[in-house]
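Scrolling down, you'll hit the structures one after another.
Shared chain: subunit A. Partners: subunit B in the first complex, subunit C in the second.
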Partner chain A sequence: MAAHTSQSVAKAAGDDVENDVAARGRSRRTDSDSGNRGGSRGGKGASGLRRAVGTHWYAWAMVAPVVLVLGVIIGWPLVRGVYLSLTDANERNVSRTIGVRHIEATYEFVGLDNYVDVLSDPVFLQRLVWTVVWTVACVSITFTLGLALANMLNREFRGRAAYRMALILPWAVPGFVSVFAWRFLFNRDNGILNKILDGGGIAAIPWLDDPTWAKFSVVAVNVWLGVPFMMVALLGGLQSIPGELYEAAEMDGASAWQRFRHITLPGLRAVSMTVILLSTIWTFNMFPVIFLLTRGGPGDSTEILVTQAFREAFITSPRDFAVSATWGVLILLLLMIFALVYRRSLRKQGEVW
Partner chain B sequence: MSTANTARPRGSRSPLASVGLHATLVVAAVIAVFPVLWILLTSLKPAQHAITTDFVKEPTLDNYRYLLEDSHFFSWFANSVLVAGVTTVLGVFIAATTGYAVSRFKFPGMKPLMWTLLITQMFPMAILIVPLYNLMGDLGLLNQPLGLIITYLTIAVPFCAWMMKGFFDTIPVEIDESGRVDGLNPFGTFWRLILPLAKPGLAVTGFYAFITAWGEVAYASAFMVGEENLTLAGGLQTFVTQYTSNWGAMSAASVLIAIPAAIFFVFAQRHLVAGMTAGATKG
Partner chain C sequence: MRRGIAATALVATLALAATACGGDDKDAAGGTQAGGELSGTVTWWDTSNDAEKASFQKIAEAFTAKHPKVTVKYVNVPYGDAQNKVKNAFSSGSDAPDVIRADVGWVADFASLGYLDEVPAETAKKVDAEFLSQAAASGKYEGKTYAVPQVIDTLGLFYNKKMLADAGVQPPTTLEELKTAAAAIKDKTGKAGLYLRGDDSYWFLPLIYGEGGDLVDAKNKTVTVDNPAGVKAFKTARDLVTSGAAITNATDGWNNMQTAFKTGQAAMMINGPWAVADSYAGDQFKDKANLGIAAVPAGSVKAGAPQGGHDLAVYAGSKNTAAAHAFVEYMTSQEVQVQSAKDLSLLPTRTAAYDQPDVKGSEMVQFFKPAVDKAVERAWIPENGSLFEPLKVEYTKAITGASSPEDAAKSAGVEFRKILKGWK
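Entry: the complex of A and B
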C-alpha cells in the first residue's frame, strides 16, 4: 500500500514543481489583472462582475464539478471533524439508528478540553517522537538506497533491464499484499528469516514481538516498499542530466566522487526536493504498514500518530470519535507547519518553489 | 540517455568495479524479489507444510481450491473491483474538465483551487475518517460499496485533477487555437480535440486512481464489516488474525491479487514511469 498510495501522488508530485512555477507566474498575472479591474470597477461594479462572468464562465463551469464534490465530501467533513474535536462525541452519544429506532445525538460542546487532554498526556509526545524517528529513518534510508540504485542502473551494462524489472517488483505488488508477505517472513517460530538465522546458528529474533525489533521491522518493510518509487524517480532525474557535463568534468580531471558531488547532486535537486517532501508526507501518514504488520504493537510501541487516531475511533472501546478527531486535527496542523517550513527553507536556498 | 562515462571506452569500468556492480545489484534484486517469490512457493505447498523452509516438495493447488470454494474470496474480489472501478471512472470523469481548465485558462479563483487540490493530497485519512464514518452511518451507507466509493473520491478527485493538468499541459496550445478558429467553443475544443489526444494520459491517471483505491486499507477496514462485505484488503486480514493463521490461504490469495496487478504493471511500466517523471525532470 505504501508504494501504491505513494506512487499515485507521485505523478502529481512530479508535476507539482512545474505546476507550482506555472501557477505562480500565472497567478501573478491574474492578480495584476484583477487589480486593474478593481481600479476601474469603482463606479460600475455590476458590469465588472458581468464582464468577469462573461469572460470566465466556461472556466468556472469546467471546475464546478470538482469544487462541488470537494466541498461536499472534503470541505463539509473537514469542518465537522474540527467541530467533533471540540465535543465529547463517542459511540454512545452520537446519533444512530438501531433497527427502526433513530436515536438523536446527545454529545456536547466541550471547547478545547480534548486538545488539553491529548497534549498534556505523555502519550502524545511519545507518539510524536516515534513518528518523527520513523519518518526520518524511512525517508533517509529510502532516499539513500534509491539514489545508489538509480546511479547503478543509469550505467550501461549487460542485464540492466532485468535488474531494473526485479527492483521495481515491490512497487508492482499491492502494498497490503507485500505487508502480509513480510508478516509471514517475520514469523517468530516459523518465518523463513529465523529459519535462515537458525541455519547459521543464530538464535531466533522476535521480529514483531519485541519493541525494538518491531520498530526495526516496520522501518525495513517501509523502506522495501518505498525504494522502487524513489529509484525510478531519481533515475528519471539522472537521465535528464546532459552527458556533456560529465564529459567536460572528466576532461578537467574531476574524480568520480567530484562528478557525483558537483554534477549529479545539483542536477537531481529539483527531483530530490519533490520526492523527499512527498515521501515525508506519505511516511508520516503511513497507515497500512504499521496497522497490518504490528497493529501498533507489541503493546503500543510502533503506534504512529495516524494509527493512534484510528485506534481511538475504531479499535478501543468505547469508540472515542472526539478524541480521534482531535488527533486528526493535530496531525494535519503538524503537516501544514512542516510543509510551510520546508517551503520557506527551499526559498531561502533560492529554489523556485 | 547514456551517461558520458559509458559512451566512451576511456570511462569503461575495471573488471573489479564490474563485479562489484553486479554483486550489489544481485543482492538488491534478491531482496526485492524474494518475499514475493516465497509467497508464491508457499501458496503451492500443502497446508501442513506452509511454514516449512522446504522448497515445494509436493506441489498442490489445495490452497487455491480452498480459497475459491470455501472462502469469500470471490465476494472480496468483486467488491474491490466494483469499488476501485467505479471510483476510477467517477474520479476521472469529474476531474477531467478541471484539469483542462486549470491547464488552459487564467480565472479568478484558480490559485486557491490549485492550492486546495494540492493540500487535500496531503490530508491524512485521520482527519476525515471519523466525520465520513458518521456521515455514512447517518446515510445508511456503512458496509455498502457506495459508501466506500464516495469516500475514495475524496482521494481520487484532487489527485486526478492534478495529474490530468500535467497531461493537458503537454498538449500544444496551438491545437486549442485551431479549434477556436474553426468556431468551436471551449467545451467543443475540449471534447472533440483535446480529450482524444489526452487518452493515454487519462488511462495512466485512471490506472493510478485504480490501484490507489485497490490498495486502500484504513477506510476499508473501518467501514466494511461482515465477511462477505469486505474488500480484498480487509479480506486478507481475516486469514491471519490473533487467533488463526491460515498462511496457505493467505499466500494463495496474495498470489491471485498480486499477479494480475504485477503483470499489468510491468507491462505498462515504461509508459507509467515516463508519464510520472516527465514533470519532475523538466524542473
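Entry: the complex of A and C
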C-alpha cells in the first residue's frame, strides 16, 4: 500500500516541477520571440492584466478549481508540515479523539531545535551519502539501459510490438507486487536466484543479508522497475528525430557511432534532460523499493532519507511527528536545490527550456 | 515536506482502509444493555499466526452461543504490522477495533497514550487472584489494570530428535555444548546445527540474559545494553554465525527459520510455543514425537529467556465496552485457555488451568510451564516495544559483521538513551 502512495506522491511532485519548469521556459521563449519581432513593448501594466482577465476569464474560471484543490491537498499539508517541524509534536501531545473523549494538543513551538538535532546527528550525513549514491547509480544505469533498449526497439524488425509489450510489463505490474516477487527471488536459502547459482556450482549469495549485496539488490530492483519508463520516453524522442538527418549523415560517410553521437544524442537532449530530472526526484524518494525489499536493512545499511523519515514517524514509539516532518522538509529543500542547480546548468548550456 | 505529510496521511489512510475490509463496524454502535442482555458487534483484532488463527476464530465466534445478540467480527492482523495498525486505528478513532490482542510489550505503551479502557474492577480483582502473577503484571500500567493476559510464553530450544540422535549428541544446555553439537551435526548430516533468527531482536534476549545482562534497568532508570554483558552478548551472536554453529538471515527470518527447521536444513532453533503448531505441519515432524524442546542454552552466566505472551485489551473509544469486556473475559476464561493449550500448545495464564487433564497431558505445555516460571520478566515501560527497533538494527549489523560487537552495543546504548529521555 505504502508503495503506491509514495510513488504517486513522488510522481505528483515530479510533475509539478516539470510543469513549473516548462511553464517558465515557455514564457521566456515567448518574451524573446516577441522581442525579436520588435513589437508589443507595452501591454505589461495593470491594464494589460485587466485585458488578459477580460479576454481569458473562461480559462481562469476553469483553472480555479484545480488551483484550489492543489492548494488544499498539497499547499496545506506543506504549510502544516513545515510548522510541525518547528514544534515538539509527538504521539503523546498531539490532539486525538478516542471515542467520545477529545484530547487537546499540548505540543509547543521549539524553533529550529529539530533541525539542529537532525543535522548534528551523524545519521543524517550517512543517509544523505547513501541516498545520493543510490540516486546516481539508479538513474545512470536506468538511463543507459533505457537508451540502449530504445535504440534497439527503434528499428524495424519482426515482432517489434511483442518486444515492446514485454519490456513495458514491469511498469504495468503494481510496484509492491514486483518488489515482493523480487524478495522471494533474492531469498538466500529458498530463493530461485541462489538455486540457479547452486546449479552452476556457485556458492549462495547473501543477497539481502550482506550490506553490499543488499545495496546491489535494491539498485537492481529499482532499475528493473525504472527502465520501461525511460525506454518509452526515449523511444518517443527517437521517433521525433527526422530520418533525413541519418540519411544525410550516411551519405557523408558517418559511422554508426558518429551518427549516434552527433544526431541521436543531441536530438534526444530535451527529452532526456526531462526524464533524468524526473527520475532523479522519484529515485531520491523511492520509498517502496527500499522499505518492502529490505526495510532499510540489513541493519540500517540501505536506509535512505525518506525511509528514515518514515521510521521516525511510525516505527519508534512514541511516534515523533516533529522530527519526521523535519526530515521531510530537509528532503524537499535538497530536491529544490537540486532542481534549481540543474536548471541553471541547462540554461548555461543554452538549452531552451 | 508535502511528501512527508501527504505520504504520512495516505499511508495511514491506506492502512486503515486495508484493515477496514474485515472490520466494518459501522453497526458496532448500540451495545445497549436492554435488561442486562448484551448486544451489538465486537470487532476483535487477533495477531495469532497462520497456524493458530483458525482455532482462535472458531473460539471467538462461539461467544455468540453465550450472548446471541452479540456478533463477533474476527479480523486477523499479522503480528508484524499490528502495532502500527492498531495505533493508526486508535488515534484516528474510525474503524478501530473494540478488542485487541496486544503483545505484553505493547500494553504500557497503549495505556500511557490513553487508548485502553481500564478493566472493570471485578475482573481486575480476578486477574490478581486467579492468574499467574508475572502474567498479570504485564497488563498493568501505573497500578491500574488495562489488559487481561490471554497466553504466556517464553523461548526454548526446539530440536529435531532424530537429527541429534543421528549425530550422536544430546540436546545442548550451554552455548559451548551447542557449538560442539552443531559441529557434530554438520559432520554427520551435512546440515546446520542451529537456525538463529537474525532479523528480530527478541531473539537476542536469551543471549544477553545468558551473560547476566539486560536491556535496561528500569528501577534505576539505567540503560544496560552497552555494559560488558551486552557487548559479550553481541560477541556471542556473531561467534555463533562465524563459527558455523548457526545459520541466519537478515530478512524474512520467521519464514526462513520455520522452513529450515521443518525441512531438516537446521537441527535446532530457538522459538516459542506459538511455533509448535506450525512446526508440527512440517515433514520432519509428521511424527510429533520427533520434536524435542529444551531450555535455551546458557551463556557464560546462566540460561535466561524472556517472558512474553499476549493480553487482551479493550479500546477506550469502543462504543460497546460492556460487550467488549464480556468478550475479553470469555476469551481468557479457563475453558478457552484449556482449549488453546490442547489445540495449539499455548500456555494458559490462569493458575487453575494447569490442573486440567488436557493441559497436564500436553507435553509442550508441561515443558514450557517451568520455563515460564523461570523466565526473565521485562521492564513493563511504555517504551518497551520501541527498544526493539534500534536493537534490531544493531543486532543484525553485529550478526552480519557490518559492525563490531563493541560498536553495536555502544550504538544500541546511544539509541536507547534517545528513546528513554533522562535515563543514565
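One rule holds for everything that comes next: the second predicted complex is superposed on the first by the 293 of 353 C-alpha atoms of A that agree within 3 Å, B and C clash if a C-alpha of one lies under 4 Å from a C-alpha of the other, contacts with A are read in each partner's own complex, and residues count from 1 in each chain.
Operating definition for what follows: contacts are C-beta pairs under 8 Å (C-beta built on N, C-alpha and C of every residue); 3 or more make two chains touch, one makes a residue touch a chain.
Because the structure is a prediction, the values reported are computed rather than measured.
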Which superposed partner A:V232 touches (first subunit B, second subunit C, both, neither): first
Which superposed partner A:W134 touches (first subunit B, second subunit C, both, neither): neither
Touching partner for A:S317 - first (subunit B), second (subunit C), both, neither: second
Touching partner for A:F176 - first (subunit B), second (subunit C), both, neither: first
Which superposed partner A:R101 touches (first subunit B, second subunit C, both, neither): second
Contact breadth on subunit A, by residue count: subunit C or subunit B: B
First (subunit B), second (subunit C), both or neither touched by A:I74: both
Which superposed partner A:L332 touches (first subunit B, second subunit C, both, neither): both
Touched partner set for A:R92, first subunit B, second subunit C, both or neither: second
First, second, both or neither for A:D209, with subunit B first and subunit C second: second
Set of subunit A residues, in rising order, touched by both subunit B and subunit C: 1, 4-5, 9-10, 13, 73-74, 77-78, 80-81, 84, 96-97, 183, 187, 189-190, 285, 287, 306, 309-310, 313-314, 324-325, 327-329, 331-332
Contact set on subunit C toward subunit A in their complex: 1-11, 14-15, 17-18, 83-84, 87, 90-93, 109, 112-115, 198-199, 247-252, 256, 259-260, 265, 315-319, 382-383, 385-386, 389-390, 393-394, 396-397, 400, 402-403, 419
Contact set on subunit A toward subunit C in their complex: 1-2, 4-6, 9-10, 13, 73-75, 77-78, 80-82, 84-85, 91-92, 96-101, 103, 183, 187-190, 206, 208-211, 214, 285, 287, 294-295, 297-301, 306, 309-311, 313-319, 324-325, 327-329, 331-332
Contact set on subunit B toward subunit A in their complex: 1-8, 10-11, 13, 18, 21-22, 24-25, 28-29, 31-33, 35-36, 38-39, 42, 51-53, 94-95, 97-98, 100-102, 105-111, 113-114, 116-135, 137-138, 140, 150-151, 153-155, 157-159, 161-163, 165-166, 169, 185-187, 190, 204-205, 208-209, 211-212, 214-218, 221-222, 232-233, 236-237, 240, 247, 250-251, 254, 257-258, 261-262, 265-266, 269, 273, 275-283
